[in-house]
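Can you read through this structure? Questions will come right after.
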Amino acid sequence: MTHTRTDIFERRESQVRSYCRSLPAIFTSAENATMRDIEGREYIDFLAGCSVLNYGHNDPDMTAALIEHITAGGIAHGLDMYTDTKAEFLRAFERLILQPRGMDYKVMMTGPTGTNAVEAAMKLARKVTGRANIIAFTNGFHGMTLGALAATGNAGKRQGAGGVSLGDVTHMPYEGSLGADVDTLKVMEAMLANPSSGIDAPAAFIVETVQGEGGLNACSAEWLQGVEKLARAHDALLIVDDIQAGCGRTGHYFSFEEMGVTPDMVTQAKSFSGYGLPFAALLIRPEYDIWSPAEHNGTFRGNTHAFVTGRVALEKFWSDESFAVEVRRKGDALRKGLEAVAAHVPGATLKGRGMMRGIDVGSGELADRICAACFERGLIIETSGAHGEVVKVLAPLTIPMEQLEAGLDIIGAAAGVVAGS
Amino acid sequence: MTHTRTDIFERRESQVRSYCRSLPAIFTSAENATMRDIEGREYIDFLAGCSVLNYGHNDPDMTAALIEHITAGGIAHGLDMYTDTKAEFLRAFERLILQPRGMDYKVMMTGPTGTNAVEAAMKLARKVTGRANIIAFTNGFHGMTLGALAATGNAGKRQGAGGVSLGDVTHMPYEGSLGADVDTLKVMEAMLANPSSGIDAPAAFIVETVQGEGGLNACSAEWLQGVEKLARAHDALLIVDDIQAGCGRTGHYFSFEEMGVTPDMVTQAKSFSGYGLPFAALLIRPEYDIWSPAEHNGTFRGNTHAFVTGRVALEKFWSDESFAVEVRRKGDALRKGLEAVAAHVPGATLKGRGMMRGIDVGSGELADRICAACFERGLIIETSGAHGEVVKVLAPLTIPMEQLEAGLDIIGAAAGVVAGS
Amino acid sequence: MTHTRTDIFERRESQVRSYCRSLPAIFTSAENATMRDIEGREYIDFLAGCSVLNYGHNDPDMTAALIEHITAGGIAHGLDMYTDTKAEFLRAFERLILQPRGMDYKVMMTGPTGTNAVEAAMKLARKVTGRANIIAFTNGFHGMTLGALAATGNAGKRQGAGGVSLGDVTHMPYEGSLGADVDTLKVMEAMLANPSSGIDAPAAFIVETVQGEGGLNACSAEWLQGVEKLARAHDALLIVDDIQAGCGRTGHYFSFEEMGVTPDMVTQAKSFSGYGLPFAALLIRPEYDIWSPAEHNGTFRGNTHAFVTGRVALEKFWSDESFAVEVRRKGDALRKGLEAVAAHVPGATLKGRGMMRGIDVGSGELADRICAACFERGLIIETSGAHGEVVKVLAPLTIPMEQLEAGLDIIGAAAGVVAGS
Amino acid sequence: MTHTRTDIFERRESQVRSYCRSLPAIFTSAENATMRDIEGREYIDFLAGCSVLNYGHNDPDMTAALIEHITAGGIAHGLDMYTDTKAEFLRAFERLILQPRGMDYKVMMTGPTGTNAVEAAMKLARKVTGRANIIAFTNGFHGMTLGALAATGNAGKRQGAGGVSLGDVTHMPYEGSLGADVDTLKVMEAMLANPSSGIDAPAAFIVETVQGEGGLNACSAEWLQGVEKLARAHDALLIVDDIQAGCGRTGHYFSFEEMGVTPDMVTQAKSFSGYGLPFAALLIRPEYDIWSPAEHNGTFRGNTHAFVTGRVALEKFWSDESFAVEVRRKGDALRKGLEAVAAHVPGATLKGRGMMRGIDVGSGELADRICAACFERGLIIETSGAHGEVVKVLAPLTIPMEQLEAGLDIIGAAAGVVAGS
């Protein structure tokens, strides 16, 4: 890549930019799990927009529907006015997602970012309970705006607040974070049962079932049930932040399906539009939908193009069980592939669940070198974890099996070279 | 409208929805300043997505470019990786906006909502100065996430925080807010010059040149210069929140052009994509672009479709002065039209600037009735202000003159009927 | 003074010590308005422990009662258990202070410091109203613990918080602080009447009628009534912090007597024990005394020795009007004396009320030099104000008239020499 | 007791009063461990002002010195000016406490309450480190002003804040608080070592070696060393709050002596004056004494009467080891006596250390009934713990052995009757 090609970014884009630093190509087009750069080089995409592109790049059915909508002069932006496309999206969501699962939620169209859905959830939980304190977990990632940032564990992100106190959140240990021999549920239970613990009565617990940014830590159903039980015992709400792990990533539409819990609120974003378009929502148990009109609002709440593609995504992938079954099958293949890779790296361990897995290689420095070696070999892949120590696979769920295996082979080769060096 | 048509919204959409309550149609398509509903009825749009649609609904050139991009398999979502479309957008922004105005800013692609750009600005100002306090103004509106909400004046919105303290912001009086005989600059000057005032040294002032939500209060150039002078005197940054008043709304690309100030940061959102797509950015003076990579991030930072339409918007409307001149001409027509309307309402006064104007009719109840009467007559229009007392016109800047006049006639008729009743 | 005498302080006492720096003698005994140092030198005391010693040093009747109490084995410390001395103090306070003034308050024995009484008042106001925001005033001083510090204006003191946010307080302009031509009541009224001002509904206003540390700014009865009216209009409580200005300092027991207001809470400390012993209380309108037992507590709440001396102070000085009349007479003499002094200093203005007066000499540097010149001449006196620009007289109210005049003569001489140099 | 005797309290003292509710006598005099009420009844004092009266009521030597000081017209109140009595106190503290223990601290005379010393410590730790977060422990009690209250665990006390956020403190589990099988040091270590835990880097740890209010939990030397090690590892300060456990209560002057740690700051209050007079101080390692003059101040900082009695206490009890040895001997007797008592109560366990011990009887209701039965039998005793479940003995350290045993017999009798009922 010549300097002249990226000079506009260096000259005009803020220093805050990040992925382009480790993936320094200029991308021009993409299709399902394949990206192309300006020099015509092709890459396998094991990043998928950090789980935004669960259905791959530019799904042809969504493309067709979106072009049809645009061509017909359909609404592109309508604040939160009623539109036919929003109605159709909501009907599809009700019919294909909520009803088959026996779930009853109101859908709040928040600003079209995950952090906005999280902020809405935190605000509403406080309003419902009259309590300020929200319990979040170590290694949790919930967003960058001040309310959500307070619930985010990462010290580097927290420093971005510029010294302002990130209050009204208590950080508790996620399953496994205190070592194998400490029962984190018991720790929380003891702290919360003690009226002199200094932990104020919580409005809510906010939890990811798999911590995407935090290192692909996947909690067990028993632990998640324990968190719900604690929430119920203390009259607190349970918020599942399903932004990264939802929309099929774990092999079910919601990551918490079959885990035996009933969240009071669920955040949705990333793959919610199906196509990579900004879109986010908060699912709210009807009894807690006590907002006054416009009490939380936002210019782009709802995004009409996203209603179109999001509806197609639901109809195409969630009309029956076949897609979920396929994802689970690929998740198994991914696990096996990563086991083979792990054999190249002394001490490496597997992390994650479903199609959201990775290898903890022990250090961020090593993980970075493996990812860089992958990129040289045509694979887009990134790290995760408190120290960036996890090589993380977030391929489109629609990736063809051969391409998944090809990508895994590249990781294996890269790991072999790097770990062997 | 029959019940069966809106039942999905009543059943599944959160109570927080708002515009659909006063504008109860189901919209299906739109073109420039005209919207159509599911029953084929047409409306003149004097709301324009609250200034999101400065270039009207579905501009044909943007439509064409967007369809071409999608058809070609262009990137829809790429995190903050380099793409050809982002490069082209940045080049256009540099060539058509920054260079002609002699402005030097870095562009930070924040999450695609105005509140996210505001949060980024507040975080960065605190990081740059090592101070926590930010001065915001009465009737200011900056967003709904906790950091931006702290800078927002509206009590109803603030209550949505659920009782959490909205700290580290001092609210100062906007020009005119203390009555004609009190010089708000002097008040601020006295408070800030006094080391025992209890007002901690500010990191920044955040100000709108026209307060869109706050009642279309438009500050004078002298006052804005006074705010900048105060900021400089106290080593604080000047942030202009140009989300609603920018992108041509006042007759210039930036609302503060020709007002004699040089902001340290400028927020952009709403009409920044040109097409109604979620998109936001923070312009930063290069010396203050001290972010660490990813210190503020977000899944949808940058929005590739918006890069495409946003570039076309810049090329089409900002390659020369003609569009700005046309907007200023329409702004004058709008002012004259509103003066005629105001004659129908005893005590009514004009508010605003450029194509961002309205009539303060003295009470929110009256303003609501006028807007409802407009809607019955086929005009989409909304209120603004601390008491919702301002009937606000935010028509697309591209509205044909006859349609602008037709809309104004409707307001006149509605005001006559309502005020006369 | 030789080095050997103060070496223990330099070696063992924290750098935070302050008065000893400008008044570098080692004091050994005192009587009424006279202090003696270790070398036998006598000083006139125009500081009186910052208004702690309104009845002078070592009043003989309090001395006798205290020695009798100690000799008899009376309780020295009893937490908040019932004691005969506490009963007698309360009976005297009821009979001599409350009943003659038609006042009905409960007495809360807080920790024996002013800041503790202020914290109790702020906590209770928040508990009563369910609101967090408390309105304090520019140049107000209310204490150094975090809650009270948030209400204190002085930037140097606030920096002692070490960067922690001092939240939940809004600082409003005190009478006169915005210049002669700005009506601060109107400014507050406008800010509070505006539901989009960003000023959250207040739990209380906390105000000093004369700002002791803030520069001896004395508000008018009209202004104080205006503050009360604002409080009533916004369902907020009125707290008068009478720690420095109370206990007779202004010529009445309470500084707000005859100013036409009825505070909901009044803080008492400094001269409350009459003898310089640590003692503080919060007076609470009975309907707001909604504390749970021990909800605010403290080891030294109430101080039994102080009950003894405090009772004697009430009986000796407040059984009839004669003391108050005498104080007002001395206050007039003080005013006249300071007018004469002010003639020596170009631009000097008089500040304060009653026996709480001073001269604003325009700069802290000049005021420091005058005070130092006074100390050389045997007068203990200190500065006040945001810039330390006020030479402040806080003589014991019991000072003989000749000694008051002698002290004033010293200030005159010092000012003449310093201002003439 | 007749109604007429307490009516003044019911009529005029705030509802916040507490000890007088469970100990409803009117006390008039006291001597060492014996209190007398207005009806001439005598009580053994096992409360000792919550450890304020370690040297008993009205020690004759302190009485004599105090009367001599008062009679001689010694300074009663001198702000923080130099006095002979302060010099003598500091010299005694240096000679008898610091030097024999090889300790090097500056003494900061804070406001004369424990909470004020704690606030000063927290402020200074934040100033020294530039960090906001302070780690406090479950069941810790540090005071009622907002800064100290944030570090206090008790929910009832915290509610007194009236809904204001108690921020910038992280509450960690005290030794044993998570059950016998969880190593609380490991929990903390894991949380602090994880840069994504959401626990911001701490300015300091504040810890009591025996939690007086929190249930007489006594930590081990190993645990305290572990806390110090954690503090050092994270560049945080170690603050020992020795307000209740210090001044000899545990059998050493400082409670942490012989525990192998070197705190950076130590708070002193309660028995620091020796006589029950309000007095508090903060001991600061010289390198951290970076206060600006008056950056933390207070009217009653230092209390001259307390300098006199405090000096006598040091000279009388700490000139050699004999007192400490005696206290340890009594502590053993206390332990044995409580073991005998515990036999009366099924499931009861012993708590505490030195002369700071109690019995956890399993419920607050039972503990209250035992204490009430003790009071009927002439013993003043109170409960402690998160549920008030610990019957707590805080007798004067100077109590004669027979009286200690008599008191223990009363507890035994009361427990027998109550637990048997």
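A, B, C and D are the chain letters, set down in written order, and residue numbers restart from 1 in every chain.
In this section, a residue touches a chain if its C-beta (ideal position, glycine included) is under 8 Å from a C-beta of that chain, and two chains touch if they have at least 3 such contacts.
Given the structure is predicted, the values throughout are model-derived calculations rather than measurements.
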Greatest centre-to-centre gap (Cα means) from subunit D is with chain B
Could you work out which pair in B-D, A-C or A-B copies the interface of C-D, where over half of the contact pairs coincide by residue number?
A-B
Centroid spacing, where centroids are CA-atom means, of subunit A and subunit C in whole angstrom
57
For subunit A and subunit D, what's the span in angstrom between their mean Cα positions?
49
Could you grab the centroid distance between subunit A and subunit B? Build each centroid from C-alpha atoms only and quote it in angstrom.
30
Could you tell me which residues belong to subunit D and also touch two or more other chains?
132, 156, 163-165, 167-168
Could you please specify the touching residues of subunit C with respect to subunit D in the complex?
5-6, 8-9, 11-21, 23-31, 35, 38, 47, 49-50, 52-53, 57-58, 63, 66-67, 70-84, 86-87, 90-91, 93-94, 106-109, 111-116, 119-120, 122-128, 130, 132, 143-148, 150, 156-157, 159-165, 167-168, 203, 243, 269-270, 275-278, 282, 284, 289-300, 303-305
Which stretch or stretches of subunit C touch subunit A in the complex?
163-165
Which residues of subunit D touch subunit A in their complex?
132, 136-140, 151-156, 158, 163, 165-171, 173, 177-179, 182-183, 186-187, 190-191, 194-201, 214-215, 385-387
